[in-house]
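Chain nomenclature is as follows: A, B, C and D, assigned in order of appearance, with residue numbering initiated at 1 for each chain independently.
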Amino acid sequence: MHKQLQQFVKAREEKLIAYRRDLHQYAEVAWSEFRTASLVADKLTALGYEVLTGDQVVDEAAMMGVPTAGQLEAEQQRALSQGANPAWVEKMRGGKTGVVGMMDFAQPGPTVAFRFDIDANDALEAETDKHRPWRDGFSSVNTGAMHACAHDGHTAIGLIFAELAAQFRDKLAGRIKIIFQPAEEGVRGAKAMVASGIVDDVDYLLGLHLGIGLKKSGTVTCNTEGFLATTKLDAVFNGVPAHAGAAPETGRNALLAAAAAALNLHAISRHSQGASRINVGVLNAGTGRNVIPPSAVLKLETRGTTTTINEYVYGEAVRILNAAAAMYGVTVDLAQMGGAAGCGNDPDLVARISAIAERSNLFEAVLPSGNIGGSEDCTYFMERVQKHGGKAAYLMVGTDLAAGHHDSYFDFDETVLAPATVLLGAILLDLTKKK
Amino acid sequence: MHKQLQQFVKAREEKLIAYRRDLHQYAEVAWSEFRTASLVADKLTALGYEVLTGDQVVDEAAMMGVPTAGQLEAEQQRALSQGANPAWVEKMRGGKTGVVGMMDFAQPGPTVAFRFDIDANDALEAETDKHRPWRDGFSSVNTGAMHACAHDGHTAIGLIFAELAAQFRDKLAGRIKIIFQPAEEGVRGAKAMVASGIVDDVDYLLGLHLGIGLKKSGTVTCNTEGFLATTKLDAVFNGVPAHAGAAPETGRNALLAAAAAALNLHAISRHSQGASRINVGVLNAGTGRNVIPPSAVLKLETRGTTTTINEYVYGEAVRILNAAAAMYGVTVDLAQMGGAAGCGNDPDLVARISAIAERSNLFEAVLPSGNIGGSEDCTYFMERVQKHGGKAAYLMVGTDLAAGHHDSYFDFDETVLAPATVLLGAILLDLTKKK
Amino acid sequence: MHKQLQQFVKAREEKLIAYRRDLHQYAEVAWSEFRTASLVADKLTALGYEVLTGDQVVDEAAMMGVPTAGQLEAEQQRALSQGANPAWVEKMRGGKTGVVGMMDFAQPGPTVAFRFDIDANDALEAETDKHRPWRDGFSSVNTGAMHACAHDGHTAIGLIFAELAAQFRDKLAGRIKIIFQPAEEGVRGAKAMVASGIVDDVDYLLGLHLGIGLKKSGTVTCNTEGFLATTKLDAVFNGVPAHAGAAPETGRNALLAAAAAALNLHAISRHSQGASRINVGVLNAGTGRNVIPPSAVLKLETRGTTTTINEYVYGEAVRILNAAAAMYGVTVDLAQMGGAAGCGNDPDLVARISAIAERSNLFEAVLPSGNIGGSEDCTYFMERVQKHGGKAAYLMVGTDLAAGHHDSYFDFDETVLAPATVLLGAILLDLTKKK
Amino acid sequence: MHKQLQQFVKAREEKLIAYRRDLHQYAEVAWSEFRTASLVADKLTALGYEVLTGDQVVDEAAMMGVPTAGQLEAEQQRALSQGANPAWVEKMRGGKTGVVGMMDFAQPGPTVAFRFDIDANDALEAETDKHRPWRDGFSSVNTGAMHACAHDGHTAIGLIFAELAAQFRDKLAGRIKIIFQPAEEGVRGAKAMVASGIVDDVDYLLGLHLGIGLKKSGTVTCNTEGFLATTKLDAVFNGVPAHAGAAPETGRNALLAAAAAALNLHAISRHSQGASRINVGVLNAGTGRNVIPPSAVLKLETRGTTTTINEYVYGEAVRILNAAAAMYGVTVDLAQMGGAAGCGNDPDLVARISAIAERSNLFEAVLPSGNIGGSEDCTYFMERVQKHGGKAAYLMVGTDLAAGHHDSYFDFDETVLAPATVLLGAILLDLTKKK
C-alpha cells in the first residue's frame, strides 16, 4: 500500500507546492488567519469532512494575546477582499480561526489526530531578488505578515494529507481529526483549542515541523525533544503622575516598580530539577523627563524544561510582580499572552513510527532524536492526549534553508513537502488499518 | 520722565497686544523659532540696533537637545512659508535662533542687558470656544506648538521695550543688550548663548516672567526665588541581543542595566545643604519578549537648590550610569539635553528696582519675594554676569490666568503687558541715566 | 531677686560640679540608669518633692529599645553595688528609670515642667592623660558606658535647680515638675514618659542642652532649631534555608529580600515640603556561603524636618519592607526602636525667656537661634504640651569642648553649669511669680 | 592474589577502625590538620615511603581561605599538645599540611596516585548518647571541629592502603603517590597541591568518598558523577562613614554597594549549556543605625556543571562586584576562598575498575553511576592528570548513615572501610602488576 501512497502524493505534488505558495502570499498573523482558515474549511468540506470552526473548536475564555476588536474587524475585511468565504469568516468572528476536519472511517477504531499550525509571523518579508518568494512572485502581499516559520508548508501538507485520508477511508478503521491551529507564534492558540475539548477523545496525536533542529533535506526524526514549557506574560503598572521637581512625594512611581520587578525577576532561583529561563524582553515606562512616571509595561516570559519548572518560575514571577507594585504603591495588571507545556513523546509510539519512517525509504536518515530548542504549543495537545491515556509524538522533517527561521529571508526546500505527506499517510494507515 | 514712559507705552499698547497675538498664532518650539527670531531681528534693525544672531550669539558646541537636521530643515521651510525673512533664517541655520539687539547710548556708562525667552511649548492648544485664543482666532496654527508659558508675552514686551530704549537713547549713558533667547523650555538655550560670551561685559542683567508664582494681575516682585539648578540627561545603553531561550548567556542585557541604573539613581543620598531631586522620567528598553534586550534609553533630570547640590547629584548620576553599564557589560552614551543654574538675585539690585516698582504706582502690590518653584535657564545668564562682577535680578509680574502654565487652556491677562514694559523702562532709565 | 538666685547657685557651684563628676564616673546607658535615677530620687525626696518613678512615669507599652531581662538584671546588680537605693531600684524594675519631682508652690498658678536627660552613651571613654576626666580620676568605671553628650551636666543642673525651686517655693505660684528622663540616646525614653500622661497638665515646658550647636562658653540661645523628627526601626526577615547547590529553589532567600528592601528604601522620594532622610545603617544576613540565606536583619532610621515628613518616609519604609518580604516569600517583623518628633519652640515663649537671658547678664551673647542638627526626643514632651495648649521651648547653653559630642574624648567646660542653672531659676521665677 | 589482599586487610580491620576513631577524636579543620598530617607522615615514613610535605607539596601562592597567622599558631600549639611530631609541624608551618607518600615499585611502570582528604568540618559534634562517637568515647575533643564528612574514614583507609602497597611492592611495577590532602571542606586545598606539580607525572589518579550519593552499605560505584565546578569568593567593600542625618552626602555607602551587588549577582543569566548556580550566602554591612555604612562583606559562590559554565558565572560575578563598588564610589577587594573543577571520569578507566569491583565480590551492588551532587576539589587533581594525558576516576563507597553528611549526628558504618581498602588494593594491583 505504501507504493499507492507515494503515487497519490506524487500526483499532487504540484498542487501541494501551489497551496504552499498561495498561503505564503496571503500570510496572516495570529488570530487573523481568516482567509487561510476559510480556504482550509472549504477544501475539507469538499472532501467530505465534517468541519468544525469558531466556538466549536476555540474556547474564547482561553484565548491569549488576542488583537483588539478593531484590528480583527480590519483583518476580516482584508481577508474577505482576498477571497475568504464570508460564511466561514462569520463563524470565526472574534479571531476563532481554528478549523478541525473530522471523518469516521469504515470501521470503529482508534481516534487519531494530526495537528498543523497555520499562522504567519509578525515580520517584514525581504523584497529582493535574492529571496525566492519575491523573485518568483509569491512573497507576502500583507505587509508585516510573513510565513517565516514554514507554517505555510505545514498547512499545505495538511490539505493534501486530508485528501489522502479521504481517499483511503474505506481501508481504515476509527476516526480522524485533522486540526488546523491558529496563533502558534507567541504560543497563543493551542490552549484555547485544547480547552474546547476537541482532543479529549484522541488516542494518537501527531505534530510536525519542518526544519528547526534538522537543517538538511532528507532527514527526519520521530522523536523531537527540547520542548521548553513557557508562559508569556504582560504586566501593566499604574501609578500616579506628579511634577518631579515641585511635588515628587505625591506621585506613585510605576517606572521604579517595573525596574525593581525586572531585577528581582531575573534573580529568581535556578531550579535543581532542570533548566529554567526568565526574560523581561521589553520595559516601557514614563511620559516625560520631569514627571514621576505614572505607567509602565513589562513583557516577559518564563520557561522550564518541564511544565513543573515553568510553573515554579511563573509562580515566583507573579509574586514578584505583585510585590513590586506593592513596594511602590502602584497597581499591576497581569495578562497571560501565551504559553506552552513541556512535553515528552511516548517512547513506544516513537519507536513504532520511527520504524515506519525507516521502512518508507523516503529519507536518507531517520535520526533517533532532534532538538526543537524552544517552545511549541502543540505540547498542550500532546499533554492533554497523554493525560487522557492517549499517545503523542512530534516529528521533525529536515529541510535545507535559505535563512534561519523567523529571518526575513527564510525559505525552505519545497521538495521535502511530498515525502513528509507520504510519511503522515503511512503513519495513518499503520495506526488505523482495518483488522 | 516716568510720565513720558507711561505715555509712550500706552500709545503702543494695541501694538504690544498685536505682537503677542501674532507670536501666539505662529508658535515655534525650541531651536525652531525661525519666524519669531526673524521678526525680532527685522524690528530691531529698523529701530537702529546692531543685530547679532546665529553663530554670533549661539555657541554650537554648547547647544543641548537640538532637533535633527531633517526636523530643522522642515521647520525652516515652515517658517519661510509663514513670512520669515530668508536672510535671517540663513544666518540661523542649525537652529541658532538667538537674537541680540545692541545699542550704545549717548555717553559711556554701564552695560545693561534684558533677557526675553521666545520659544513655545510642545503642546496641543485647546480648540474650543472656552479658550480665548481659539475664540478670538489667534490660537496656534502650528500643531504641537503652543505658547503655554507666556513667552509670546515676554517677546512682545521685549519688542516694545526695544522701541522705548531707542526712543530715549539720547538721555541715557552706557550700552544696552536686549537678548531674545530660544529654547528655554527644556532649559536648553541659555547655556549656548552664554557660551558665546554675549554677556561677559554686562554690568546689570534683568530677566522677567509673567505669572508662575504670582497668579494675580496687579502684583509684581523684583526678587524671584526658588530657582532649582538642573541638568537634563539622556542615557542610551547598548548591549547584544540573544535568544532568551536558546542562548541567553550570549546576550548583553541593556534593559537590566537601565533598571539597575534607575533604582540606584533614585538611591542617591540626600544632601544636607539643601533640597535635591532625581527623576528617571522615561525608560524604554527591549525589542521583543523572547530576546535579551539589546538597547535601553533613560531620560532623567537632576535638581538642586544650588548649583553645587545639582552638580553633586549629577556627578553621582553619571558615575551610577557608567557603573550600571559596566555591571551588565554594555555600553552607555550620555548626552546633556538641558540645564539651568541655581541662582540668587543681588539683594541691593533687588532693593533698588523694588523701590522703582513701588514709586511707579504701576502695581497694587510689590511683593518682597515670589517663588518660581522650578528651573529657568535665565540663571545661566545671571550666574555668568555675577561671576564677572555684575549684578542680576529676576522679576515676576503677576497675572490672572485662565489655566496653569503648560496647560492646553493656558491664557493670561494682556493688560499686564503694558505696566511690565513701563517698569522695565523705568529700571533702564534708573540704571543708565546720564550723570 | 536675680541677685539672690546668683548667690544661691554660686554657693553651690562646687556641689554642682561634684554631682556632675560623680554621675560621669558612674555612667549608665539607656534604661539602665538605676544608680543615677535612685540618687536623683533620694535628693528630690530630701528636698520635699513628691517623687514619682517606675510605672508612675513610664508607660511600659511605649518603651522602645529595651535591653533584655537578663541585661537589666545585671545592670540592677551593678547599680546596687555602686550605691543605688534598693527601694527605688525595685520600683524601677524593667528599666523604668524615669523620675519626676513634683512640688506645689504657695499659691495656685501655672504648671511648669523642666526636663533633663540622664543617660550615658554606649562608648568607650578615653583613658589617657589628654582626657581630663581620666586625668582627674572621674572617668567612667562602667566600661562601655560614657557620658559623651553632657547628660551628666544636665542632671547635675537639674539637681541644683531642684534645690533652688524648693528654696524659693514660698515666693512662687503654681506647680513644678522636674523630669529626669532616661534613654535619650537612641531617642527611646521620652515617648514612654509622655505616654504615662505626666505632662498632660503642663502649661510651660523647658528643655536644655549643653553645646551641640553652640561650641563656645558664654553663649546661649532660647530658640533651638533644626530638630529632625525620626523613627528608629528594626526589620527581621525570616526565610527558609536550603542547599544552594542541590536545591536552591526550595529555599526562601531573606538576604535578597533585605537587599531589595535596602535599595528601594533609599529610593523613597524626596519630599517637597522639607528635608528627609533614610538610612539603612546595618544589614546582617545569612549563615553560610553555600546556604540560601534564611534570615536577615536591617537596622534603619527615617527622619524629616517635620513630624509629617518623617511620617511620610516612615510610612513608605514600612510598605517597602513588607513588599520586599512578599517579593521573596519570606516574613518580616518590624519593631520601632526609637523616635522623636519634629518640633518648634513657641515664639512668644522664646521672646519672653530670651529677654530674661538678656537681662541676666549671665552670658556674653544671647543668640537669636541655634541649630541642634539632629534628633532629640524632648520634642515628644514639647509636642504633647503644645497639643494641650501649653507652650514649650528648648535652650542651648554654649560651652567650649575638648572634643565633639559622642567622641571618646568629649569633655565640656564646667563653668557653664552655674549660669545655666541661674537662668533656669530666673525663668522659673518669671513664669510662676506670685501675683 | 585477591584472596591475599582480603586477608591482609582483614587482619588489619581493627587497626583500620582504631585509626578512624583516633582521627575522629582529634578532628582538625582546614589548614590546621597538624596532628593528622604529622601522624600520616610518621606512618608513611615507617613504611618506607619517601614523604613530602609543606612547601614540597603545597604551593603557598595558591592556598585559599587560610586562617590568620595567629589562628595557625594556636592550632600548631594545640596539635603539639595532642601528640603531633614537632619536626613535621615545623615543615608544615603556615598551614601547609598536605602530605604525599611516594614509593617506586620493583620495575618501571605507570605512576598511580590515590588521593584522600583529611580535614574535619567546622561543626559542633553532638554530645548525647544517641550519637555513637560520644557514647563510645571517641567524639571530638576539639570543640568546633568534627569529622562529619567521613574524611576520618578516608584517611584511615589511606593509611592501611599504604601498608598494603608497601607490602606488595615487589610484585608491582611503576610508582605510587598516596596523597593526603588538607582543606577539602570549602574546596580550598586541592588547588594548592596541584599547583605544586605533585601530580604532573601521574598516569592514573583515583579518588574516593564514603556515602553522599550511596546511602547503603554494600554498594559501590566507580563512576561518580554530578561534580559541580565551583568558586568560593569573598568581597570586602570599603566606603566612608558619615552621619546619616547631618551629612549623608559625605559618606560612601558600602552597604548599598553590597546590596546592589547581591541583587544583580543573582540576576546573572542562566547558561544554555548546563546548570549554573550563584549564591550570596552571607552579607554583613554597617556599623550603626545612624551612620552611612562604611563597610560590607559578601561571601558568595558560583557553580556550574562544567568548568566553562562556572567560569562564565564567576567572570560575570567579578564584573558585577567591581561595578557595584564603582556605582557607590567605594572600593572592593576580592579574594578566592575556594574552588573545584567540573570533571568527568574516564569511561575506559571506569569500565576497567568497575569490572574489578564486580569480580571482587566485595559489594552487593556495583552501580553504573552515583551522584555526588555538589563540589569536590579532587576534581582539580583529576583535571590536571587528564590534561597531561593521564586518566582519572572517582569512586563512591556506599554506607548506612546515622545522619546526613555535615550533620552534628553524622556517623557511618565502619564495616565498609575494609572492603573499600581491598578494592583500592585490587585496583592498584591491576594498574601496576608486573608484566
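By our rule, contacts are C-beta pairs under 8 Å (C-beta built on N, C-alpha and C of every residue); 3 or more make two chains touch, one makes a residue touch a chain.
Worth saying up front: this structure is predicted, and the values here are computed from it rather than measured.
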Interchain contact steps from chain A to chain C (minimum; 1 if touching): 1
Chain whose Cα centroid lies at the greatest distance from that of chain D: B
Geometric centre distance via CA averages, chain B-chain A, whole Å: 55
Whole-Å separation of chain centres (CA-atom averages), chain B against chain D: 69
Between chain D and chain A, distance of the C-alpha-averaged centres to the nearest whole Å: 50
Junction residues of chain D - those touching two or more other chains: 246, 248, 256, 260, 263-264, 266-267, 269-270, 272, 277, 292
Interfacial residue positions of chain A with respect to chain C in the complex: 246-249, 251, 253, 256, 260, 264, 267, 269-272, 292, 312, 316, 319-320, 322-324, 326-329
Residues of chain C touching chain D in the complex: 228, 230, 232, 243-246, 248, 255-256, 258-260, 262-263, 266, 277, 279-293, 296, 299-301, 303, 337, 373-375
Sites on chain D touched by chain A in the complex: 263-264, 266-267, 269-270, 272, 275-277
